[in-house]
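The following pair of complexes shares a single chain, chain A, combined with chain B in the former and chain C in the latter.
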Partner chain A sequence: MNFKISKIILYLLLFFLLVPLFVLVIWSFSNSWPWPNMLPKDLGIRAYKHIFSFRTGTLGVLIYSIILSATVTLITIIISIPASKALGVYDFPLKKLFKILVLAPIIVPPVAVAMGIHVSFIKMGLANTFLGVVLVHLIPCIPYGVRIITSVFEGIGEKMEIQAKVLGASSLQTFFHITLPMITPGVISAASMVFIVSFSQYFLTFLIGGGKVKTLSLVMFPYIQSGDRMMASAYSIVFSLTTLMILLIMEKSIKKKYKRETDLFV
Partner chain B sequence: MRKVLSILIILTLAISLVACGGNGETNEEGNVLDKDWKEIVKEAKGTEVSFYGWGGSQQTNEWIDGFLADTMKEKYDIKVNRVPMNIEDILNKMLSEKQLDSEGSIDVVWINGENFSTAKKSDLLMGTFTDVLPNFEKNLDVDSEEVKKDFGHEVDGMEAPFGKAQFVMIYDEARVDKYPVNHKELMEFAKSNKGKFTYPAPPDFTGSAFVRNIIYDIVGYENVKDLEPNKEQVKEKIMPAIGYLQELKPYLWREGKTYPATIAQLDNMYADGEVVMDMTYNPNSAEAKVRTGEFPESTRTFLFENGTIGNTHFLSIPFNSPNNPGALVLINEILSIEAQASKYDPKNWGDLPVIDNSKLSEEEKALFEEIDLGEATLPQEELLTNRIPELPADLVPIIEEIWLENIPTEGE
Partner chain C sequence: MSQIELKNINKSFDGKTILNNISLKVEEGERISLLGPSGCGKTTTLKIIAGLLKNDKGQLLIGDKDVSKVPVEKRGAVIVFQDYLLFPHMTVAENIGFGLKMAKKNKNIIKEKVDELLKLVKLEGLGDRYPDELSGGQKQRVAIARALAVDPKVLLLDEPFSNLDTGLRDEMREFISNLQRKLNITTILVTHDKEEALMISDRIAVMLNGEIKQIDEPSEIYKHPKSIEVANFLGNRNYIKGNIKEGKFETEIGLFNIDNREQKEVIAMINPEDIYLDNSSNEGLEGTITEVRYAGDRIYYKIKIKNKQIRVISNSDKVYRLNEKIFIHMDFNNGVFF
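And then the complex of A and B:
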């Protein structure tokens, strides 16, 4: 009985998640789809022709966005792991406050802060550069990284690491052979989340990148705004498929690397 | 383990190198405008020009990425980098850069109207440059109002015409028997086709132009063009038109309780057959949308008998453009006969040319006449003879405010 209900819920969820995506796919091929037709009146590939023609350079933009978001993800994870360990394992005064403060970048609207950051970045010569955009993406990304990995550390505690140290492992050995394999599942979900957050940044990229750093969201947004539904849908499809593919690749490759070790503990 | 560490270090170094590269560029300026044209072309060779402007139209984007980029590459070895960005955002960016007097990234900006006057007032533009461009004198009527004025503001050579736009109404021939050519007929039309007509709520650009067109039709352009930007006076003058719009309201889509917020929404409503009329500030866009299949084949355009509003859109160069010579060469190329003709073709974009027809040779005229405008587009002569200039830019927001105060909508 219970089993059945949970299955129904699962399918309902899938249905509600997938149907809008499906509509998006249809729209990306529809020249016109007037009411009351159930199906589009006229199909075409205008949008994909535009996206995949070399002239418009969308493919280059796509690859550039992936590199940018991958860099952001890597840096975020590197920063998040030690921070999360501190928040998840150690006890120190005002720990609760720090935990909440980590979320501050998501709570405070980015627009309020970004203008000031832009001015400082211009002064430092970071505006309109790749590095500048990477740095500013870290702001909305780190909270996700830290929160997700913190809960993993809260779960596994410090015992395994202490055990390794007792047996004579150095700190680095402990980290790479004990800690990292254990937190890998958490790191994967954090990295996925961070990648998506970075990949879909529009406002920050556009303000700090000033058009010199051209990402997919930047190219996609004008079409959504101008109401070209076919174009907007096609870009969204390319956008979603790219993220999906990156996430799959990331999960597969990381899992493979740590497979043997994780099996020991999980 | 070492490997991971060293990869990390390399990455960090690589990233910081990228950043340094960004800082190290210096901008050798001289005074470009004093130089000989040949020298400017030579300096521009092999450089990259960043073109910033609205990027919401596939055709416009493809014209810039295609025809323009190819021509620039072949003729001058210049790479064109198009950056889609709304003009308000471009202005904000330039304002912050002005404050800190830093180097910019924009070489050419697509601009007009109020935004131009803001940019000019805040010293965001390079200066008077049009007299340097050979094609400016050669192909344009440099003394015409459309070249010298932009929404009533003196251009002073700080921007060069790019193309012309004109307000036209769109209708579906299959669903409309007789299109209305003035405000009275429009009222009749709305009454007999309840809920089948509406217009985007100002301050949407096109909706606001529709309201101005109604004002022209009822009050007359002559009577409003010299008004001071004083709300009370403007309101008094345009009240008949506002009264008309109030009367029109109950016959509109959803009884006028709400209006489409943007022209994009109205375009989509027309494409979906929810309304039978649409409007646009680009006289070729209806044809373009018929060709992409978004609009029905039976789409046509028309003008009001007393004419419709037209304006010119321009190109300018920001004060901190990193590549002045490149920007000048690009703008000059856009003013060439070939570029203007290619841009006019609805197949490519369909933007009205800024060329002075009397300066064209027979062959050049043929270039324009050969273009197949399609059924939905009105011929250029008809548009140009029924063209009324825009109001001064500072009156526009006042009219929008008066509309918002007097035409109540629900849910706001």
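And then the complex of A and C:
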């Protein structure tokens, strides 16, 4: 009985998530779709032509965005692993406070801090640069990375590492042969989350990048705002497919390396 | 393989003393058990030997060398934990070869050694399996093989049998005993199970409240415990208060003959299996049976004699009934006096 109900809920959820996407697909091919028509009046591929032609430079923006978000993801993960280990495994004074403080950047709206950061970045020459945008993206990204990887460390603890050391492994060997493979599934989910957070960042990119650092969300926003639904929908779809592809590639490539999943993480 | 010596080891956490002057010498090839209830400090002792914890005071010698400052990975004391801790992302062969791989040994040498160990622990052909495809006993054998692979000077076993079910436990006890004999490796085993300690140790160190109370051979520790605490931990015994006077032992349940001894007030310990029951003649002390528990090869009785409960274990075929009148015989010349 319970099983049935949860199944129905699952299907409803999928339905409500997928139908808007489906509508987006239709919109991205329709030049006009006035009320009360059930189907679009006039189909066309103007939007995709625009995105995929070299003249408009949208493809370049897409690749630039991917590189930027990938950089952010990499830095976030490198920072998050040691921080998460400390929060997940070790005991130290004020640990609970630190756990909450890590989340502070998502609790406090970025608008509140970004202004101050902007001023400092201008002074340091980081405003309107790739590096500046990467740094500012770390603010909303690190909480997700740390939070997810911390729970992984809480699950596996320190025991396996101790066992490896007892068997004669140095700290470095222990990290690469034991810790990293064991937290990999958790790191993948953290990286996926972080990539999406960075990839869809609009406000921070706009403020710190000053329009010089052009990401996909930055290029996409005017279309949504101006009501060019065809373009906006096409951009949205390219946007979603990109993140989906990146996630798939990430998962596939890492899984090949550590061919076996453990049932420690679900 | 070498001897180990602990000299006056002390350890405290947050001002609370966990180990108080632990001294212990384990000979080369010897198998010794640290026996005690949970929280007595036995696992802490093991961790100090392995180097996972630092002792506050005292010396720790492996061979003739003080290893207090040698880091875990170079100490050569390998600990096998209670829950085996096999690396889930590695096959059985990779698990066993882990220590050798970390020591950067040649691949062929590793393979040879792994094959040899798989044979030793009777897991031939299972090298390609993953830990989650193994049974409890197999996991433990992998854990032991993995520890043996690095040729440890000392093998430390932390409650090695407590995660196994009864049948398997006996099998693994026998297996590890035989293996240890064969390899003649110095072994320290931690357990809270007195039967286990009695069965598989050369010597037992009984630990209570962070102190080693007695170190002796199993039979000696069982028959001649030095204190009531130790006696109590090794079994449910009978303790009878009384006075020794001119060849007689005056107690709350009656008068017994005894060899000439110093006159004093004592507590006598007598094992339940050293008391005999009889209802064929009227000799001995009269009592009433208040509890009978039948366990197949033996029968547990509780017998009331003048307000005192006495435990008796009988191996005889005869089963007495509840509330039956019975005569008991006990000889305090075999008893232990505290």
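Basically, the second predicted complex is superposed on the first by the 253 of 266 C-alpha atoms of A that agree within 3 Å, B and C clash if a C-alpha of one lies under 4 Å from a C-alpha of the other, contacts with A are read in each partner's own complex, and residues count from 1 in each chain.
Here, a residue touches a chain if its C-beta (ideal position, glycine included) is under 8 Å from a C-beta of that chain, and two chains touch if they have at least 3 such contacts.
Computed from a predicted structure; not experimentally measured.
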Simultaneous placement of chain C and chain B on chain A, clash or fit: fit
Touched partner set for A:165, first chain B, second chain C, both or neither: second
Contacts of A:94 with chain B and chain C, given as first, second, both or neither: neither
Which of chain B and chain C A:78 touches, first, second, both or neither: first
Touched partner set for A:226, first chain B, second chain C, both or neither: first
When both partners are placed on the shared chain, which of chain B and chain C touches more of chain A: B
Partner chain in contact with A:126 - chain B first, chain C second, else both or neither: first
Contacts of A:39 with chain B and chain C, given as first, second, both or neither: neither
Touched partner set for A:178, first chain B, second chain C, both or neither: second
Per-pair minimum CA distance [chain C against chain B, superposed on A] in Å: 13
Contact residues common to both interfaces of chain A (with chain B and with chain C): 173
Interface residues, chain A side, partner chain C - complex: 159-160, 162-170, 173, 177-178, 181-182, 258, 260, 262-264
Chain A partner contacts - residues on chain B that touch it in the complex: 1, 4, 8, 11, 15-16, 18-19, 22-23, 50, 52, 54-58, 61-62, 65-66, 69, 83-86, 89, 93, 96-97, 99-100, 102, 105-106, 262-265, 267-268, 271-274, 292-296
Contact footprint of chain A on chain C as seen in their complex: 50, 52, 72-74, 77-79, 81, 83, 85, 87-89, 98-99, 101-103, 130, 132, 146-147, 149-150
Partner chain B, residues of chain A touching it in the complex: 31-35, 42, 44, 46-47, 50, 55-57, 71, 74, 78, 115, 118-119, 122-123, 125-132, 134, 172-173, 176, 206-207, 210-212, 214, 218-219, 221-223, 225-231
